[in-house]
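Two complexes come next, and they have one chain in common, chain A, joined by chain B in the first and chain C in the second.
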Partner chain A sequence: MTVKTLPRQDLAERLRGPGIPLRCGALLMRLGTSLPELVDPIALLYADYPLGDDNDVPDFDARVEPVPRWRSPLHPSASTVVDGRAVFDSFRRSQALPMFEWVMNWCVFTRPNQYLLLHSAVVETGGLGLVLSGDPGAGKSTLAAALVSRGWRLFSDEVGMIRPGSRQLLALPRPIGLKNDSIDLIRSDWPLATIGPSTPGTRKGIVAHVRPPADSVARADQPATPRWIVFPRFEAGATPEVRRVSRAEALLRLGEQAFNYSMLGDAGFRTLCDVVDGCDCYQIRFGSLSDALACVRSFAEVEPALSAANVLS
Partner chain B sequence: MGSSPNWRLTPGSIFHWREWDHEFVVYHENSGDTHRLNAIGAAALRRLTAGPAQSEDLAREIADELSRPPLDVAQAIDELIARLHDIGLIEPAGDSQDPASPGSR
Partner chain C sequence: MLEVLRTPAAALRLSRPEWTELLGSARHSNLLPRIAVLLEDGGVVQQLPARVQEQLRGARPIARHHERTIRWEVQRIADALKDLDTRIVLLKGAAYVMANLPAGQGRLATDVDILVPRDQIRDVERRLLAAGWVAVKLHAYDQRFYREWSHELPPLQHSRRRSVVDVHHNILPPTGRVRPDAQTLLSAAVPLKAANAPEGLWTLGPEDMVLHCAVHLFQDGELSGSVRDLVDADALLSDFGGRLPGFWDGLTSRARMLGLERPLFYLLHFTGRMLGTAVPSAAAAQLARPPAITLELMDRLVSRSLLPVAGQHGTFGEETARTLLYIRSHWLRMPPAQLVAHLTRKALRRWSPDKDG
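Presenting the complex of A and B:
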């Protein structure tokens, strides 16, 4: 049973009440809100997610709730609640959807510390994972979305998850967060993408989210072997450049971007070594999406779905 | 005895190593820090795991081990010693005995 099988009224009531338990790869997340304006975006972005059992204990319980008007008389506000406790400052209610997605990401970044959590977008093809790591604005999500539109499986937009002692990436296919120019870029590059409402005026500017393809959600229990580590860097007007990065450098850069590398101690080190071990590592610099794809094309098949179709025909 | 100090690993240090293409990463369990080292740096740190050494002796031994020109290694070792000291992996060996032996894993 998936979210889209729930009648809208049932979904609204369950969100307003105990919340809905969603399976996302290895995690069980419970989402809830009594903001009616979030029901349709949740129905849209999470349509294909399997519903968990109401009795299962979730990895986290995230809610966005309205702030009483007397506490915020100037403008309607909302706040985030995780596992029954308020987290973060309240915010304008018009920002509820990006804040809802942000608090879900925050939970994913901070809760499942039984895994090594890399701050990365991850896509997969043929059982092999491509890890995109970089600072915000580097182009990770945009490039990940473009690869997904070309047949790669969305593994995760924000976190590369590995169980210590294992060499396998675990999938966590959550909506892809896009901002500003990237939204229209992906709309034109991937006309069939389902993109949720755009929210202007956030700290990052305009924000919108791409619904993960149903196939990526359905295959969220299938791991991948890390094969490529890529550090993208978007620079307006840049000449495209692909530079090989040593595994030692890649390990340090991934460790700096990881959420809990230090917390895991030597287990984190060994796990990250094992991830890097089997990977070719690159830094790519680009000024456009087509250049970014050309950079990736220099070491990986960008259109695996088209290749497969050619073989079949 | 010369004026240059004997250098030793910070007492109790435990290291975890990985090498790729003659480049090394070492995880220092005590601080939780990870460092990248070239072949000279790795050889020096491993040599100090066996016991204290003066930089001149360290340079000579490593030049022999890696078949590198002694002068080049000596200069690299001076810079390396300063860096390893800065990041707290080594310290001048005093008169006191190290209560805990350092090690690698």
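Presenting the complex of A and C:
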């Protein structure tokens, strides 16, 4: 059973009540909210997610709830509630959707420390993973979305999970977060993409989310072997450039970007060595999406055998 | 959660929805790694639901990281202060970890608290500043508040590592109702002689370590959400009570000597009541009980506020309990006129644009 099989009324009631348990790769997340304006975006972005068992123990329970008017007299506010307790300051209610995605990210970034958590977008083809790592604004998500539209599987938009001792990346497909110009860019590059409502005025500007393809969500339990590590760098007007990066440099840069590399101590170091060992590592610089794809084409197939399921979802 | 802290085997009887509730409370009380350690030591982990085991596995690295951080930071502090000819006494978590006490296992917290003689505090501060720590509470009122009315310096944070050290000259503020003699604490300190510990550091004596915990909870602190401190106390009492002969008599007479009978009474009362800590009745009987009505009121307030608030906001009862305990903690900390002035300043600051404190 998936979210889209729930009638809208049921979905709204369950979100308002105990929340809905969603299976996403190795994690079980329970989402809830009593904000009616979030029901449609959740129905849209999470349509293909399998529902878990209501009684099962979720990895986290994330909600966005309105703040009572007397506590916030100036403008309507909402706040995030994780595992039944308020976390973080409240925010304007108009920001509820990106904040919901953000608090889920926060849970994913801070909770499952039984895994090494790399801060990266990951896409997969033929069982091989391409890890995109870089600072915010480097173009990770945009490039990932473009590759997914060309037949790659969306593995994860924000986090590469590896269990220490294994060399396998675990999938965690969640909606792809796009900012500002990237939103229209992906709309025109991938006309069939399902994109949620845009929210202006966030700390990052305008934010919108792309629904993960049904096939990516359905195959979330299939791991991948890391094969390419790519450090993208978007620079307006740049001449495209592909530079081989040594594995030692890649290790340091991935470690710096990881959420819990130093927390895991030796285990983190050894796991990251294992990951980097089998990978070719590149830094790519580009000023446009087509240049970025051309850079990737120099070491990997950009359009693997197009499967209808990937593109048409 | 309290039941599992008391008897880890109780974990085997929990339903999945009860686990969901427990994991949430444990995370919000900073106790999940501690519970993971207790369940491992109790040999029950393998029999728990797979999803629960995963979450316990995910919690352990955080505590190991915190322990590693504390060891590293203590070493750096010891280096910075090494040529000062004075006693540097580690307090709370840093002491539990460095002395390898059971209370340090799976404990979350990376701040290091130290106690030094008051006449050395300027030298200690100067050396820490020279070694890269900086003052983070820069508001003039905060600086004055700490330096004149508090028992510690404004927190110092390392400029690169972001770690915080709190330098104390006593365990309670000089403005408070109870003023234990810091010299007595310092002279009863014991040298730290554990594997991997740097030279020249000290910890409080076992009795004083427990009394500091009592003071922190019931004399100085606001009590809200501080079940973690009660868990510390439980671990210290069980450990010392089980292996040090004469510990309980020593503890009660020490409390009397330092004027800390009341906080110790509450500590023994609430660890026993909430965590089932075994306290010999003879020890408890030696302490003066608070009036029945006070104890009744404390029972109600404390049981409502030690655990983190559920939901976005607490129930009316929980919020009231917290407010009353907050007022109580300040009442015990400073004289009424100063209290009014202090709370007014704090309230005004909340509404002013200058929020750097």
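Here is the rule we go by: the second predicted complex is superposed on the first by the 305 of 313 C-alpha atoms of A that agree within 3 Å, B and C clash if a C-alpha of one lies under 4 Å from a C-alpha of the other, contacts with A are read in each partner's own complex, and residues count from 1 in each chain.
To be clear about the criterion, a residue touches a chain if its C-beta (ideal position, glycine included) is under 8 Å from a C-beta of that chain, and two chains touch if they have at least 3 such contacts.
These figures come from a predicted structure and were not determined experimentally.
Visitor: Once the two structures are overlaid on chain A, check if chain B and chain C clash or fit side by side.
Guide: Result for chain B and chain C: fit.
Visitor: Treating the CA centre of chain A as the corner point, state the angle out to chain B and chain C, nearest 10°.
Guide: Placing chain A at the corner, the angle measures out to 60 degrees.
Visitor: With both complexes overlaid on chain A, does A:Gly84 touch chain B (first), chain C (second), both or neither?
Guide: The second partner, chain C, only.
Visitor: Looking at A:Gln114, would you say it contacts chain B, chain C, both, or neither? Reply first, second, both or neither.
Guide: A:Gln114: touches chain C, not chain B.
Visitor: Using the touch definition from the top, say if A:Ala238 reaches chain B (first), chain C (second), both or neither.
Guide: Neither partner.
Visitor: Does the superposition put A:Phe269 against chain B (first), chain C (second), both, or neither?
Guide: first
Visitor: So, A:Glu65: does it touch chain B (first), chain C (second), both, or neither?
Guide: In the superposed model, A:Glu65 contacts chain C only, not chain B.
Visitor: Of the two partners chain B and chain C, indicate the one touching more residues belonging to chain A.
Guide: More residues of chain A are touched by C.
Visitor: Check the superposed model and tell me the shortest C-alpha distance between chain B and chain C, rounded to whole Å.
Guide: Minimum over all C-alpha pairs: 7 Å.
Visitor: Using the superposition on A, tell me which residues of chain A are in contact with chain B and, in the other complex, with chain C.
Guide: Residues 262, 265, which sit in both footprints.
Visitor: Quick check: in the complex, which residue numbers of chain A touch chain C?
Guide: Within the complex, chain A touches chain C at residues 28, 55-59, 61, 65, 67, 79, 81, 83-86, 111-115, 260, 262-265, 267.
Visitor: Could you pull out which chain C residues touch chain A in their complex?
Guide: Spelled out, the residues of chain C in touch with chain A are 15-17, 19-21, 23-24, 27-28, 49, 51-52, 54-55, 57-62, 64-65, 68, 308-313.
Visitor: Would you tell me which residues of chain A are touching chain B in their complex?
Guide: 246-249, 251-252, 255, 262, 265-266, 269-270, 273, 276-277
Visitor: Spell out the part of chain B that touches chain A in their complex, as residue ranges.
Guide: 16, 18, 20-21, 23-25, 27, 29, 32, 34, 36, 105
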